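So that you can tell them apart, the chains are marked A, B and C in the order they are listed, and the count of residues begins at 1 in each.
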Amino acid sequence: MSGLILTLKKELKVPLDASIISPTNLVGKTIDEVKNLELWEGNKKVKINEIFHVEGENKEEDLTIKLVGDFSKARGLGFKMNGGKLIIDGNAGLRLGEKMSGGLIKVKGNAGSWVGSEMTGGTIEIERNAGDFIGAGYRGGRKGMKGGKIIVKGNCGVEAGAWMINGIIKVYGNAGIFPGIHMKGGTIFIKGNCEGRAGAEMKDGKIVILGFLPSVLPSFDIDDIKDSVKVEEEKISGPFYLFTGDLNEEGIGKLYVSINSNPQLKFWEEFLERVI
Amino acid sequence: MSEILIKNGFVFDPLNNINGEKMDIFIKDGKIVDKVSSKAKVIDASNMVVMPGGVDIHSHIAGSKVNAGRILRPEDHVKDFEVKTKVTRSGVGYSVPSTFTTGYRYAKMGYTTVFEPATPPLKTRHTHEELRDIPIIDKGCFPLLGNNWFIMEYLKENKLEECAAYVSWLLNAIKGYAIKIVNPGGTEAWGWGKGISHLDEEVPYFNVTPKEIVRWLCKINNILNLPHPIHVHTNNLGKPGNYVTTIETMDAVKDLSKDGKVSIHVTHVQFNGFAGTSWLNLASGAPEIANYINKNTHVEIDIGQVTFSDTTTMTADGPFQYILYLLSREKWVNADVEAETGAGVVPFRYKKSNYVNAIQWGIGLELALLIKDPWKIHMTTDHPNGGPFTHYPKVIAWLMSRKAREKTLNKINKNAKRRLDLPGIDREYTLYEIAIITRAATAKSLGLKNKGHLGVGADADVAIYNLNYKSLDPSKDYKLIKKAFKQTAYTIKDGEIVAKNGEIVSSSKGKIYWVNSKVAEDIQKSMLNNLKMKFEEYYTVKMENYIINESYLHNSFMLNVQSEV
Amino acid sequence: MEKIINNVVCTVCGCCCDDLEVKIKDGKIVEVKNACAVSLSKFQNYNGKERIVKPLIKENGEFKECDLKEAIEKASKILAEAKYPLIYGLSLTSTEAIGKAVELAEALGGVIDNTTSVCHGPSLIGVHDIGSVTCTLGEVKNRADLIIYWASNPVFSHPRHLARYTVFSKGKFRKERRERKLVVVDVRKTATAKLADMFIQVAPNQDYELLSALRMAVKGEEIYLNEVAGVPTSKIEELADLMISCEFGILFFGLGLTMSLGKSRNIDAALSLVRDLNERTKFLIMPMRGHYNVTGANEVIAWQTGYPFAVDFSQGYPRYNPGETTTIELLTRGECDAALIVGSDPAAHFPVSAVKHLMKIPVITIDPHKNATTLISTVVIPTAITGIEAGGTVYRMDGVPLECKKLVEPPLGLKSDEEIITEILVNVKKLKE
């Protein structure tokens, strides 16, 4: 295949600031130019070719970069990328695809926390598990991802989509607590189980949970029972309890919870009449 | 020690009536002198403007609420950082910069003295720890006294002399510089979640009024002969129609002007210059306030200009900050201080398209342009409330150039533009007047005899700007004005070159100024005797631990002031 | 020769009581008045057999005594050569010392963090998102008629808190116990709960749910469930009524909230609850900071760098991201290659995965006492104890700064934390040139 292949020369011991590694930054550069780019390894500046073997060719406008090795200590891969493909044949570290606006990132292993933090476009696919705060934002900023798509085929940690504004997050495994906390828009889809507190303090947006959710917060109202719900263009079959909230934030967010997976939530049905 | 000769610059030194004259400035041993030897380092200031270093009379740079602002807003710092150099420490900026960055950025702009205008006495040790960590500039702080329990009780019991002795003791105890009053009585009412909305309303439990508090502290200021008048953030800040309260407050101390001197400094008047009855019909109260100030000699103000940015509001006006939270639904920090005062911090974004913000922008400029005597005006943004201090060059450009104002007027909310008088105001500030409102008048108001001018004996704090005064048309070339005031060609502090073309070349500690107020020993003793028991009843610290030793300040400058009692 | 030093600031917990009376005879502390049991225990035992008096360097697995110069040089070399060194601890020393540690971290291009990250870090993280409605302790003493301790047991952790600042204190507007109400929310009936007018037992790890329900009740919204977090809804509504109808309420909270399921979001909910209450009455919140200067550490690190803890200087300027730059996560991911521990014992308290990495890297410890961390260190530098043998500024849990005194001379002329860190800094700067 055409494109660049960067293979780790050695095990990373201290954190690597890998934010320069994205198609956006490397496109159009010769191999030598790429080799001479600098990045921080802990508190020392090093050149790319001290950390990576660089091979391949950089001809395409739409550059594909393949990374080979364990990148668990590489932070910020794909930072601000706006096109092209970044494939990681291994694990990825923190802040993968931070502020991304276009293109595709694929991770064959696990990814750390803050996948797609403040992203506005593009797609990130994680084959295995992801850490906490996927699709969220920086502390105190009160704004998470604004667009784009994050797909985690394994499990994700806590606070997926915290302060999310728009975009779509899909987790095919299980999710930790507080998915969609302080959410303002967008969609979070959890195929597996959720540890709890889904949609806490949300103002708007949509959360769909197909698996087990131990309880729903007391600040949510039960609105209806729905046969199905749309996630992107796909129709997901229910039936679902539809909750709205978080009332503590005057929220009008929608929380869809699978009825079949959650017999312990049946008691909420008695409150359905009250809403009418 | 080192000598410097600044050659051929166009000097603006209003306190010595020098208006753009081409002349040399001589520096030796950290002071301005009248000649130097041939060994002096020569700075060629040809085609440049030379001014005394800037003196900022009101900027929130240090202390508990400023730090609460820093901690509140990691997202404010992340985009604006300073990498360490051989000479400078690293830091972060934007609206609540870290301490090292604060000192460096002020020095780069040619400012050499800055005062923190609001420190709660109980926590002033914190303020001094931060001031110690602000490099280069000289500093001081104003203790908050307008909601102080002891003062309100002395007032109720009409014990003027004893209260004067208390204030004198307090200034010494916490190493403060001037009497600061914020929302007199109002912040105490806020201790119960309540507010005060007019000058004759009684403070719950203490039963004194804001007007009484202001007059009382003005009298004490006179008795103690303090170098700076009472520094007042009036009641009803941020409320439509509040310009009336502002004028009433100014008028309340007209008769207390001692020897024709200024009896009140009203701060960030823009926030207290609102006309109208609601946010929908908010208008500028600047013409009315300017009219009052033009007719009177006992008042001076600083403007508190809005500069249209994302910034952080922080004041000791707890109730106002709560209202701002309710309006904006931003994050909100509140920090009441026992027996003394309060504080609040709320991030805020001023937008040109927003009717209210645009009116606010207009009010600040109208105040400066309609008040005839520049000696009565100080240029501030009430950093960071109206905007970060790094925006001062914008304000200077607006004041010096009608064209610069027009450019912004064409971008602001159209209804606001229609409502303001500003579009019809032709006046443009001269460089001489800018020198007055950014250094000469402020230094004079603070009673800093060796600052704000370049006469022999003054501290060698000098700012050299890249402005070819003779070939400059500031009205047209406002962009050059902005550029020049953003970073000096040279900033000199105590006779050392600290900044060159936007780079800090040498750092230093800067002094902390405080007033050592002296009253008669027997009055002091008797006051302390009466104070001791109540002190430990009201506070949760011991009196001994409240007091800050001079050595704590590391580099202190004590101003001895003898009182009338 | 005997003398009495008054108004001594205690350097144990976040109360920072400043009314201690210390009697000194022949250069030794013989009596302390007004100290609580915990404070007294520090004064009585600080010079026990765990006290280290000579610097130590580990060679071939064995500790050898050495002089200070040698220890400092070795420590400086280890730190200066590291690519991602960590400075941690710092809550049991003065702000002057911590400020020097910040300068050292900047010179090293490393990370500086303090015990906040395992204690009230979540509280600060909550504040970043919501803000905080708070006050100094004297406001509580003078005005509060409703005091709530949530997930905090001050009778054990802050023994004089109730007497000096809350229910047993005498204030200008509340002179007697009966003028105040005490509510305790905890997972079990603690010693503090036994003193309460109302005790609410919350199911473990369900504080967030309870806070959520309480917010609903305060807003006047109906709670459908009969019970939330093991608490009957009627009880929740009773508490909400108490909160709304008080004149001045305060919510103190402890590690039970910061370290149970939800962490910073538990605090987020508590901060939001208190903020919302201000639409009805005067209500404030305060974290029960544990160590006597953990608050000060946050303050000084924040004014010098913009951020309150976990600051990464590796690229020459301050960067902050708890979870990325905090100590336990850095150690668990195995990312540090040297550590300087000041006045803390992470080897004893941290999760095994973090300690495992700490044992792989060279560790320098500055501490007056032997502990698990000194055991695994390469260099151990003993120090004068702040508040007893060295002075300095400390910040009470409510942000009030106090100056603690030097009461007696340290043994064998031991230096203070500030002096030792400064010497390391000077050496490091020379090595880095």
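To be clear about the criterion, contacts are C-beta pairs under 8 Å (C-beta built on N, C-alpha and C of every residue); 3 or more make two chains touch, one makes a residue touch a chain.
Remember, it's a predicted structure, so these values are computed and weren't measured experimentally.
**Student:** Based on the averaged CA atom positions, which chain is farthest from chain B?
**Tutor:** Result for the farthest chain: A.
**Student:** For which pair of chains is the number of C-beta contacts greatest?
**Tutor:** Comparing chain pairs, contacts are most numerous for B-C.
**Student:** Measuring centre to centre with CA averages, how many angstrom lie between chain A and chain B?
**Tutor:** 46
**Student:** When the centre of a chain is set as the mean of its C-alpha atoms, what distance in Å lies between chain B and chain C?
**Tutor:** One centre to the other, that is 35 Å.
**Student:** Just the number, please: Cα centre separation of chain A and chain C in whole Å.
**Tutor:** 34
**Student:** In chain B, what residues contact two or more other chains?
**Tutor:** Residues 72-75, 78, 331 of chain B touch two or more partner chains.
**Student:** Provide the list of chain C residues touching at least two other chains, using ranges where the numbers run on.
**Tutor:** If we look for residues of chain C contacting two or more partner chains, we find 128-129, 313, 315, 320.
**Student:** Where in chain A do residues touch at least two different other chains?
**Tutor:** Touching at least two other chains: 138-140, 142.
**Student:** What residues of chain B sit close enough to touch chain C in their complex?
**Tutor:** 62, 64, 66-68, 70-75, 77-78, 81-84, 89-92, 96-100, 122-123, 125-126, 129-130, 133, 149, 191-193, 205, 322, 325, 330-339, 342, 345-346, 537-542, 544-545, 552
**Student:** Chain B touches which residues of chain A in the complex?
**Tutor:** 138-142
**Student:** Residue numbers of chain B touching chain A in their complex, please.
**Tutor:** Interface residues on the chain B side: 72-76, 78, 331.
**Student:** If you look only at chain A, which of its residues touch chain C in the complex?
**Tutor:** Per the stated touch rule, the residues are 13-15, 17, 40-44, 72-73, 75, 94-95, 113-114, 132-133, 138-140, 142, 159, 177-178, 181-182, 197, 200-201, 215, 217-219, 222, 246-248, 268, 271, 274.
**Student:** Which residues of chain C touch chain B once you look at their complex with the stated criterion?
**Tutor:** 6-7, 9, 18-19, 95, 99, 103, 106, 124, 127-139, 141-143, 164-165, 170, 172-173, 247-248, 275, 278, 281-282, 284, 298-300, 302-308, 313, 315-320, 393, 395, 399-403
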